[in-house]
Amino acid sequence: MTALTPPQTANILVEALPYIRQFAGKVVVVKLGGSSIDQETLDRALAQDVLLLRSVGVRCVVVHGGGPQVNALLKRLGKEPKFENGLRVTDEDTLEVVRMVLVGKINRDLVATINGQAGTDPAAVGISGEDAGLLTVEAIDPRLGFVGSVTEVRAAYLHRLLDEGFAPVVSTIGSDVSGQPHNINADDAARAIAVAMGAEKLVYLTAAPGLLEDVNDEGSLVPALSAEDLRRRIGDASISAGMIPKLQACLEAVEGGVGAAHIIDGRVPHALLIELLTAKGVGTKVTLEPQA
Amino acid sequence: MTALTPPQTANILVEALPYIRQFAGKVVVVKLGGSSIDQETLDRALAQDVLLLRSVGVRCVVVHGGGPQVNALLKRLGKEPKFENGLRVTDEDTLEVVRMVLVGKINRDLVATINGQAGTDPAAVGISGEDAGLLTVEAIDPRLGFVGSVTEVRAAYLHRLLDEGFAPVVSTIGSDVSGQPHNINADDAARAIAVAMGAEKLVYLTAAPGLLEDVNDEGSLVPALSAEDLRRRIGDASISAGMIPKLQACLEAVEGGVGAAHIIDGRVPHALLIELLTAKGVGTKVTLEPQA
Amino acid sequence: MTALTPPQTANILVEALPYIRQFAGKVVVVKLGGSSIDQETLDRALAQDVLLLRSVGVRCVVVHGGGPQVNALLKRLGKEPKFENGLRVTDEDTLEVVRMVLVGKINRDLVATINGQAGTDPAAVGISGEDAGLLTVEAIDPRLGFVGSVTEVRAAYLHRLLDEGFAPVVSTIGSDVSGQPHNINADDAARAIAVAMGAEKLVYLTAAPGLLEDVNDEGSLVPALSAEDLRRRIGDASISAGMIPKLQACLEAVEGGVGAAHIIDGRVPHALLIELLTAKGVGTKVTLEPQA
Amino acid sequence: MTALTPPQTANILVEALPYIRQFAGKVVVVKLGGSSIDQETLDRALAQDVLLLRSVGVRCVVVHGGGPQVNALLKRLGKEPKFENGLRVTDEDTLEVVRMVLVGKINRDLVATINGQAGTDPAAVGISGEDAGLLTVEAIDPRLGFVGSVTEVRAAYLHRLLDEGFAPVVSTIGSDVSGQPHNINADDAARAIAVAMGAEKLVYLTAAPGLLEDVNDEGSLVPALSAEDLRRRIGDASISAGMIPKLQACLEAVEGGVGAAHIIDGRVPHALLIELLTAKGVGTKVTLEPQA
Amino acid sequence: MTALTPPQTANILVEALPYIRQFAGKVVVVKLGGSSIDQETLDRALAQDVLLLRSVGVRCVVVHGGGPQVNALLKRLGKEPKFENGLRVTDEDTLEVVRMVLVGKINRDLVATINGQAGTDPAAVGISGEDAGLLTVEAIDPRLGFVGSVTEVRAAYLHRLLDEGFAPVVSTIGSDVSGQPHNINADDAARAIAVAMGAEKLVYLTAAPGLLEDVNDEGSLVPALSAEDLRRRIGDASISAGMIPKLQACLEAVEGGVGAAHIIDGRVPHALLIELLTAKGVGTKVTLEPQA
Amino acid sequence: MTALTPPQTANILVEALPYIRQFAGKVVVVKLGGSSIDQETLDRALAQDVLLLRSVGVRCVVVHGGGPQVNALLKRLGKEPKFENGLRVTDEDTLEVVRMVLVGKINRDLVATINGQAGTDPAAVGISGEDAGLLTVEAIDPRLGFVGSVTEVRAAYLHRLLDEGFAPVVSTIGSDVSGQPHNINADDAARAIAVAMGAEKLVYLTAAPGLLEDVNDEGSLVPALSAEDLRRRIGDASISAGMIPKLQACLEAVEGGVGAAHIIDGRVPHALLIELLTAKGVGTKVTLEPQA
């Protein structure tokens, strides 16, 4: 890499410091999909970003899913994964496997990666939505079994952990009012957490550059969208089916008071840091009102 | 049950209230073995005890193991459990299973049972010793693989959770200084936590009445022992081999500053409550000095 | 007394702890009549109850009268006690005697009894309603002389003492706005204090089992009454004349926001403890709404 | 009174303000003898001084005796007062009378006088040395009965009351370790309280101008004495017998750390205010070291 | 000076202490004109008053002008002072001189005089209205150049300094919203500061006894005026032209919520102390309502 | 300027954030010489740096001199500047001019420049070393007149201003114990302030690139020096005479506990920001120990 001149360096710093000040004390919810997990280099860059942002006062909450990994263990145990309308059919045995994989494996690995970067200040703590009643759910549909949608978030528990300097990593399991655990869609859980915490930002790390005008052209990135634009596009057929639920969550987030929702390219190292601290950003940014 | 007379009732209360006052604000570490878990009635009574004690200000920390349950999943996945000198030989695959079972299953079930009893105040939170660097370990023996003994406990993390009214449930996994997770013997982890927290009491719930003079006579309970008595007995051959590690942990606990260590009968419902709040107690109590 | 089984003991504790939690931080005003004072055993049991309840966070305020003792000193000084409609006619000399007996004798003896039980933490402090303007009164009737009814209570003074861990014992003398002291009916003063402090409970210790359906049958106790029931009964002629003012005070207390008013049998040792910490209680309990 | 010129007024203020600053937050213990009580004008001027000093942050504690008034009630009840070496022989009946007179009458009257001057902020609170274990005593001599000398003062109780803006008025009754009340010499109790509170000043209001060189010449006032001077004079026969115990208490006070002890003329209205806030003062001032 | 009798002294103290209490914690803004500055004895007496009042909790703010001194430096630099309607025409060079004289000379000298009296607690701090955006102004009239009237006062900055025990001395320079400094009339700046701080008193130290009925008769002082009286007099021609702006500022002050505005004789040593702490005062006092 | 790639941007941010964290809450003292003042672009960039650093928690203190500007005013007033051994001979008239120029002109201009950049949060406050007794001095040599060296710094005053979010700008005038103001060498005053505040960094902005091996070759910059290196070089003749006092101050600073002292090129815009937040820095860095 060519060395930068002092003015180039000064420019980036003069640009970044106001963002740092703006986000200090604010909540940023970062959602990782199952496919962007377990890629060691990226995981480590993300862990570094979370720790760096935390070091200047940004309150990061990491939320994760883990579909592929659940499928893998189910199969090892001789059970075929089943889905309806994109949601996992979750009977009691499946639920036990989901909990073991999300809470006992993926969450653990993320905590270990962050703490491994954190030197003498191992700040990451793993949390299941069942802990301290963090995520209350109700069942979506009896045919799906133990699959819930979030009805209440005890945001205070996360705020307290952040107040004390911890970096929470959340597995998306919740309990219904009777105490029965349920599996939750991770995109939706991240959205519910961001809204309940009054987050400044909700960031989805994906395996794509963001929302594309033309799904086949990575250069056709839509950098910014208002809620109204987004609603119109979701109505249109112009968007790939796989992107729709994530866009729907972005829409609900900004309408629920989150400052901005981002879909960014998790394959770029330090994407989170660049998105937050530079004017240009990476990926697609959704805001309630059109951006200046 | 025959109704009690007012004087009988008054007696119990007059006896219990000073204990409540004495233990208010003090830490009590309760260790559950794998065999005393998953017995629904007992689990519920214990959950109730933890919540009742917490409601009057006692700071309970629950620590659990889960050997039998780990063995079961290993076998389902086609792997034979291996032990040396009573310690599980833990290769990478085994460690993954241990984490999934302890953190993703047993810990989850305990949290769910406590929160299920706690109504609108779901205070239980599950923790792995990896979170926030709670348990730092070093490997015991290369032949055992990832099996560690505790070298440092970040007691402050548990104290903070207790300060805020939470009921921590701890899985006994720890990290070495490089961040590598290790399996830990749960009796020993409980002892290390109790010492580090300056606990008033360390209570082992077992499937026995306590320490027996004659292992074949349940009526031969030894109700109280000083550290000196205990050291002498451990030297003697008078004690069942299975009891020795637990007694060793009791000895180290009281020598490390814990007020008293108890081995009590987890098969008696509400054994914890009775042990703490009545003069008579249940099981065997170890203190540094001989008791009056 | 026969020894209790572990389940019997556990039952009482499981029942009592939620009450302890419920009453922790709450105010309980206990009124002792002149006739239930000076009975050494009972006084000591009451002192113990006050200290035990305080040790688990209940904020007890003791209020006392002392009619018989005042009469005795008046007679020794050659003055005949005079009453109109059950209220003491109080001229200047009588007032001086009332103050000396209530503040200088009975209050002192109660403080000494409580502090005598309290070991190294002598928490009881004697207070007259004149101190810090605690009780402001206005004269009831010129023919009665210096007899006042309470128009204002400086509850903050008692709250501060309780905040600092003291156990206040209150003599029922008050000052009018010109600073002139007046004698006050103790049942009524206790009611006024309970209402002003937002007490959870107002407890009258009497020399009877509570309110009886049939005044000649101690077995005919009425255990619970709503405000509406009570108002109806006061209207009826079914109640002994002596009980009416106390019931009237109970009615005003619950209508003024006190959680419950109790008339209990001060002759039962530890009656206060049993009433507060068991489901069954002793005596008659008055609440605003009918009890479930 | 002739009107003062602006420079005269300015002089007094320029002189007084540094004293106000110096004494703000400091403790001043004022002892009233029985003979200087019950003189309405003086009592009111003293009450005003206490309230004015309190209004600028001086922490005044009033301590009183009441010998003549105790004698009067004893006689009305047909009992002859008895003394040995100037101390009241105090049997159980006498003690009851002492408590009634000091706590139930004199203390009450002082509280009423102060609160009568205090308008809407009735700050005075009456305290017996028995309250909150304020004064612990041991019996001086079995022949004297319940007469104690102070062995411990719970200064924290008075400090707390002062912190909250109250003006404590203390009756000099104390308890021994068994809880038995005892009568205490008021000069000595005041000294013990001043020492325990780290008082800046201990002021005895007497019916004399202070210490006189010639007891028959009121103009022969000794304005200032060091501890050494005082010790020498107590040894000499030059001092009236009645003054010796008070001087002895002054000596112990300054040797115990009190800034200065004063014997001033309680017959001069506002003597306390003048003593504290002017350079000239009234009466005799005792300090550890000779004054400049 | 004849020595005062104890009752004379007591009278002044009994009168002064309630004022001290009344003004403790209150803000008093004192304005010094250029002509009453640089008279060493008076400056020292004022410095003493500010420090004495501060020592008993009065929060004094000193505000100063310096017209004559500015004129003197302008002339030394060969520039003739120019005025329109009594306001200094202030071009860029003049502004530089105004700032140097007010901030760099007069303010410095006042700070030095106060700190010279303050021994080991040099509490005075010099402030320009530009610091921390204390005084925001807008230009009055283009013909006057950089002369502003105050549109906003950041009272919080002065309150913070007072909270921490400092004695602020303010030069009356302010900035407009673009950051350009402006000269401000000091009487008006003092009024704006007093109103913004919610001052109890605004005191103008002048070279006159106050407002006179007959400007040629120093004995014709008007001691008190209501806002209504004052408005009427300003309308009349009965007042010397030079006094009108000061009276206008007094009127705006009391209408803006300041407790009282005073015009007092700065030639009397300790005039400030006498005005604040005696019933009689010196000079003219303006209040919103007529005084009793 | 060419646009940077995401990795280039990420690199700078990943590098800068740990510095931001490291310096958050730390004190940085920045000294401006008279020649680097009044260059509008540079002043504005510096003002921006101070505000940006403050926005991320760095506690900046600006210290300034102003020799050339003092000389200019002296000459306009017809007075020839005089120096001995590089120090200004300061009689009473000269001192008055020094105070007017430093406090009333240069300090004012710096405050105005910073507040002009600060929008609605005008945080800069001008301070003279005389305020609040900030700088106590003693005269260096009678022949120099009022020229002092710093003997004590009241660092607490600056810490309090920083705690409340202000940006202090300090003129280097101090008072001796009698209150007499003195002129102080600004490099030395900055050093004394940095040491007294426990500063992390002391930064001299100069009109040179730093310390040069060869004073005629701007490329011969010495980037880093230990105290030992520096002491050796000061002894050598290898250094330009003008640099010696600054180097001497750097040496005393790091020996007095300042983390590092820097001599950097004030002609590079944003030199302060680059020095603090990049690994490379600009200019010469002096530390106690040799740098890795």
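Assorted remarks:
We call the chains A, B, C, D, E and F, going by the order they appear; numbering starts again at 1 in every chain.
The working rule: a contact is a pair of C-beta atoms (placed from the backbone, for glycine too) under 8 Å apart; a residue touches a chain by one contact, two chains touch by 3 or more.
Protein identities per chain, from UniProt: A, B, C, D, E, F = Acetylglutamate kinase.
The model shown is predicted, which means the values in this text are computed figures rather than measured ones.
If you take subunit D (Acetylglutamate kinase) and subunit E (Acetylglutamate kinase) together, no chain is in touch with both.
Comparing contact pairs by residue number, the interface of D-E is reproduced by B-C among E-F, A-B or B-C, since over half of the pairs coincide.
A turn of 120° superposes the CA atoms of subunit C (Acetylglutamate kinase) on those of subunit E (Acetylglutamate kinase), with the angle given to the nearest 5. Each chain gets one centre point, the mean of its Cα atoms, and the points for subunit C (Acetylglutamate kinase) and subunit D (Acetylglutamate kinase) are 36 Å apart. The distance from the centre of subunit B (Acetylglutamate kinase) to the centre of subunit F (Acetylglutamate kinase), each centre being the mean of the chain's C-alpha atoms, comes to 60 Å. Taking the mean of the C-alpha atoms as each chain's centre, subunit A (Acetylglutamate kinase) and subunit F (Acetylglutamate kinase) sit 46 Å apart. Taken residue by residue, subunit F (Acetylglutamate kinase) touches two or more other chains at no position, since every residue touches fewer.
Viewed as a network of touching protein chains, the structure reduces to one closed ring of chains, two contacts apiece. In the complex of the two chains, the subunit C (Acetylglutamate kinase) residues touching subunit B (Acetylglutamate kinase) come out as 1, 4, 6-14, 16-18, 20-21, 24, 48, 52-53, 55-56, 268-270, 273-274, 277-278, 282. Within the complex formed with subunit B (Acetylglutamate kinase), the subunit A (Acetylglutamate kinase) residues making contact are 76-77, 96, 99-105, 108, 111-112, 115-116, 121-128, 130-133, 157, 160, 164, 166, 173, 175, 178-179, 181.
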